[in-house]
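Going in written order, the chains are labelled A, B, C and D, and every chain counts its residues from 1.
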Amino acid sequence: MTVRIGIIGTGAIGRDHARRIKQVLAGGRIVALTDVNRSLARAVRADIAPDAAIYATGEELIAAGDVDAVLVTSWGATHEQYVLASIAAGKPCFCEKPLATTAEGAKRIVEAETAFGRRLVQVGFMRRYDAGYVALKEAIARHTGAPILVHAAHRNPSVPEAYVTPMAIHDTLIHEIDVLRWLLDDDYVSARVHYPRNAARAHAKLRDPQVVVLETRKGVLIDVEIFVNCHYGYDIQCEIVGEDGIARLPEPMAIEMRLGAKLQNAILTDWKDRFVVAYDVELQDFLKAAAGGTAAGPSSWDGYVAAITSDACVAAQESAGAAVAITMPDKPSLYS
Amino acid sequence: MTVRIGIIGTGAIGRDHARRIKQVLAGGRIVALTDVNRSLARAVRADIAPDAAIYATGEELIAAGDVDAVLVTSWGATHEQYVLASIAAGKPCFCEKPLATTAEGAKRIVEAETAFGRRLVQVGFMRRYDAGYVALKEAIARHTGAPILVHAAHRNPSVPEAYVTPMAIHDTLIHEIDVLRWLLDDDYVSARVHYPRNAARAHAKLRDPQVVVLETRKGVLIDVEIFVNCHYGYDIQCEIVGEDGIARLPEPMAIEMRLGAKLQNAILTDWKDRFVVAYDVELQDFLKAAAGGTAAGPSSWDGYVAAITSDACVAAQESAGAAVAITMPDKPSLYS
Amino acid sequence: MTVRIGIIGTGAIGRDHARRIKQVLAGGRIVALTDVNRSLARAVRADIAPDAAIYATGEELIAAGDVDAVLVTSWGATHEQYVLASIAAGKPCFCEKPLATTAEGAKRIVEAETAFGRRLVQVGFMRRYDAGYVALKEAIARHTGAPILVHAAHRNPSVPEAYVTPMAIHDTLIHEIDVLRWLLDDDYVSARVHYPRNAARAHAKLRDPQVVVLETRKGVLIDVEIFVNCHYGYDIQCEIVGEDGIARLPEPMAIEMRLGAKLQNAILTDWKDRFVVAYDVELQDFLKAAAGGTAAGPSSWDGYVAAITSDACVAAQESAGAAVAITMPDKPSLYS
Amino acid sequence: MTVRIGIIGTGAIGRDHARRIKQVLAGGRIVALTDVNRSLARAVRADIAPDAAIYATGEELIAAGDVDAVLVTSWGATHEQYVLASIAAGKPCFCEKPLATTAEGAKRIVEAETAFGRRLVQVGFMRRYDAGYVALKEAIARHTGAPILVHAAHRNPSVPEAYVTPMAIHDTLIHEIDVLRWLLDDDYVSARVHYPRNAARAHAKLRDPQVVVLETRKGVLIDVEIFVNCHYGYDIQCEIVGEDGIARLPEPMAIEMRLGAKLQNAILTDWKDRFVVAYDVELQDFLKAAAGGTAAGPSSWDGYVAAITSDACVAAQESAGAAVAITMPDKPSLYS
């Protein structure tokens, strides 16, 4: 069965998912588009999906009879309403980060989906689909023994002046928050933030770098370095220390060269290149589940928990190294 | 446009391509199947392609009006006839290795395609689609300067007794023969084979390992170690020595672990795992070109040249280290 | 000039230094030995230094007219008295860790040496002489820009039951305490300790692993994982994050092998093998300075500061994640 | 016992060995110096060995009563005469490469030493003392199974115009010729040379790069790439393919850095840095054996065999890829 897809929001990421469905993935067809900027929707129709209808609003698109499933790739502040509308219509819905702009909003989605009684929402935490993280999870299961410590780093060459300290959590750490929960099959109980001196390239309203220390229910201690003006490259590191040994996230594939007195491998500089294949895999997973009228992968619950954790981490940024407790609500059985 | 595919030969590789078209790739639909063992075709229909028609012969399948393009994944000895029939029908055709069992057979295909006047045939040399080789080719173009030497190795954990010395060329080296021509954008002019003592695990009718030395028109000297009972793993190595530096084919992604006093990365042991993603990419490339009524990627000419080179290498196996000249016919303009 | 050496304490480490002076290093000759267990001193004389005199006490050895310089390799509790006696005699003195068993004792040595007015004491912090750390220090100076973060790990396969939590500082972290100060050319201002759950192999009186977080005067934030029952090997890691990039301590030399489906390098399991060459270099440095009647390398001041820092870290172990301030006295000009 | 050393030839290498004996190694003292350029000998005396006597000729130095052992570090053409004189005097003698300028000359030394009846000569093949090669030899013995193939490379950033094709053997490959025999515990039976096109940086009288293929008595097939204008660095590679797996010579220690979008390790550019520690170890080995009136390590026989092999390789350079047989004389029992 081919899943007929409607896309709400046809900016860069929406257009890229449209291309993916058209040219890379099996089982999907784009039948509907909408964007507050109608010319963007028209351009995607012209370039990628000539048979797609263009709708005035996301709600109309969701209601359209030939739309089987929905991609929410609009501006973040609108995600909640479209996801709730998709749930109300009983249609599978892939929602880019953030699921909602507040934990309360995410909670409303969880409640709606729980009331509906079947999973319909997949959140765009693409790292769970990265071959490196998948292999790391397998290495934990098969080789390292139970995790005790995690050392991670999220480094980015530079950010604009508008990027302020809390964004290091909401826009950057959010990926580690989700993927480490998934890797460890665990939940967070506290967060701390330690700051070294500022890097010379830090901005007026940005503490950079910073180290977030998370503790989990199972007692794992995690440190994540966030360094968004690290200059040298986009570099994601993750090391798991287990009872019997250690496993590391692989470096991205690179040609080893011997040139100019250096044994060298290129490091990526653009975050968009780092998990490019994972975007394909996550959306293929959505299409597959949507064909059966449901959703898989990162859930509304995961989005909600990530929001709660982010809020605690931001509070920890202002707590001078003291631990901020993270309290999780009870998990509805739909997500277990 | 969705390309309607007919598959001739639904054994392991045909079935796997069917799965790929159904579940992984964009733009293809399986509408026709055939196999000398009809139960195999029925099984693929049942499991993967419920709407496909089953034909008695490859020729009937090729002739079917709703078949836009053909996959030839039957027994090697039958490839030539089906490829020729596809060309006669003007239908794009993806043919697994070998294109034909003899250089003469491959030549007939080249002549038919040339007479037809448009590329219709893609040969299943999947390594050209491997991300590692693609990156290596780019590293040559951008970094190493013009190649002068190539050091390569093709190692396999073990082969059955039926694998005899010439198969080290026809079944094993054939991949390096094609991919190195493509990497270097060059052609071979001579081949030699040097033998060390036999490995203890070599069989009665197998010299193993062996080193094939190829020279190219541009003067590049290539050595390829073939070691098909190397025991430790399936391991493909390729190092390019250029005017300014050296580039190496990346190792397959693996989790670096610290366990039991070893810093260790797993090495693959099954060849099927090594280029598994490349199979997806090559067939996607076929679907894309077939949608336009033509073929791209490795051509009939490449298949023909690989056959000529293989024959020379087998002659070199029996020439006690002396060079065997490789003479290429003129390349038809269709392939330039 | 050949330096005439007296060794106080001829157990394992004293004997090993004797061998070094005799067989590996230039410029030294062993002329005097003493040990509370006289048979040990006799054995070293028999095996390594046949011309050496044996003295009843360390004080007599220090006073001997033909002893130019002293090695204090006796039981830790006796170090202070012998170092003070060497200073009193104006003789260069190499003292194994600890310089004294308390910060107060180390302070007395600093005061004595300062009063004497010339450096006479080298403390056995051998990591400063390790080629890897030396190269790392150079990489910081030349390449990474000013350090901002340090991620380090000190892992050991196993420790006996007698090894209790504070020993993770006094016996294990002590090496990082010294070498990181030297690497960064900086001093500590606070210490924290974070604990994950205990490893299954931790003992009743041992929290293992633990993470010590140190802040420096220049604002560098350091995390050191201490994991003394890590099982897989003896593994020392150190990564410096600077303004412009990152530098890592090299792995010890190991043969890369491809065996049994693993690309593998051996990891050491015995700490004695890790810095074996550094012991040679540190003692050669002592001999060279002693030939001039003075001492170089890690000083009494470094030993004193390490003791103050260790005490703070032990306090931090009992402070539930809160920071413990580290206050350094003013540094005498002798050590600047 | 301290060995009293006389040095014949106090140019760069002689001076460096003098420094080594004075400052780095145990058990030696320089008592005598000579050089055709007397001012060089005086300079070494002034800087390093103030008590050394200066002799007019190497023969007088060898005859001096207080000289226990001799270092021959003069111009290559004079080595044979001094080594023969040392043997005649019954004094251990360390001779830098070449032992003699011809195989005949080396043979005369072997005959003289054999007639004397005790080993007195160590040839300066320092690679046998490199920790990497020593570990590689151990890996072969313990892990890889019996060797079948060797892939090696000897790359140098650039050579002057005066470096002509045969020097690629006599000055460059000579190191692999010795160290591979030692690694494999084997002897050569034939040599071939294959040339790719010349590198753009090759000179008028230099074929560069070239690949030498050696076969051994045990049936091991060796290929050595020699590329003396490789531009990017001084780079020595050696990979052993054995029955059960593969072992590689380690890269020299280097700090792994992440800088400027590159994960990078420095490659050496000056050959003098590559085996700098091995020079220390080889000379310490000489001092140790000389203290007992004999010599160890690479022998006159090894020097003779290297000369025979070099001559065959030079002949192979002119034989268009054909194999040149290498016939070894019977090994005197002194060297077994």
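Definition applied: a residue touches a chain if its C-beta (ideal position, glycine included) is under 8 Å from a C-beta of that chain, and two chains touch if they have at least 3 such contacts.
What you see is a predicted model; the values in this text were computed from it and never measured.
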Subunit C on subunit D, rotation in degrees - Cα superposition, rounded to nearest 5: 180
Centroid comparison with subunit D (C-alpha atoms), farthest chain: A
Separation of mean Cα positions, subunit B and subunit A [Å, integer]: 37
Averaged-CA centre spacing for the pair subunit C and subunit A, given as whole angstrom: 45
Computed distance of Cα centres, subunit D from subunit A, in Å: 58
Junction residues of subunit A, two or more chains touched: 232, 244-246, 254, 258-260
Touching residues (chain side subunit A, partner subunit B) in the complex: 21-27, 131-132, 135-136, 138-139, 143-144, 244-250, 253-260, 284, 288
Residues of subunit D touching subunit A in the complex: 232-233, 235, 251, 254, 258-269
Subunit D-touching residues of subunit B, taken from the complex the two chains share: 145-146, 148-149, 151, 192, 194-197, 199-201, 209, 211, 213, 215, 218-221, 223, 225, 227, 230-232, 241, 243-246, 321, 323
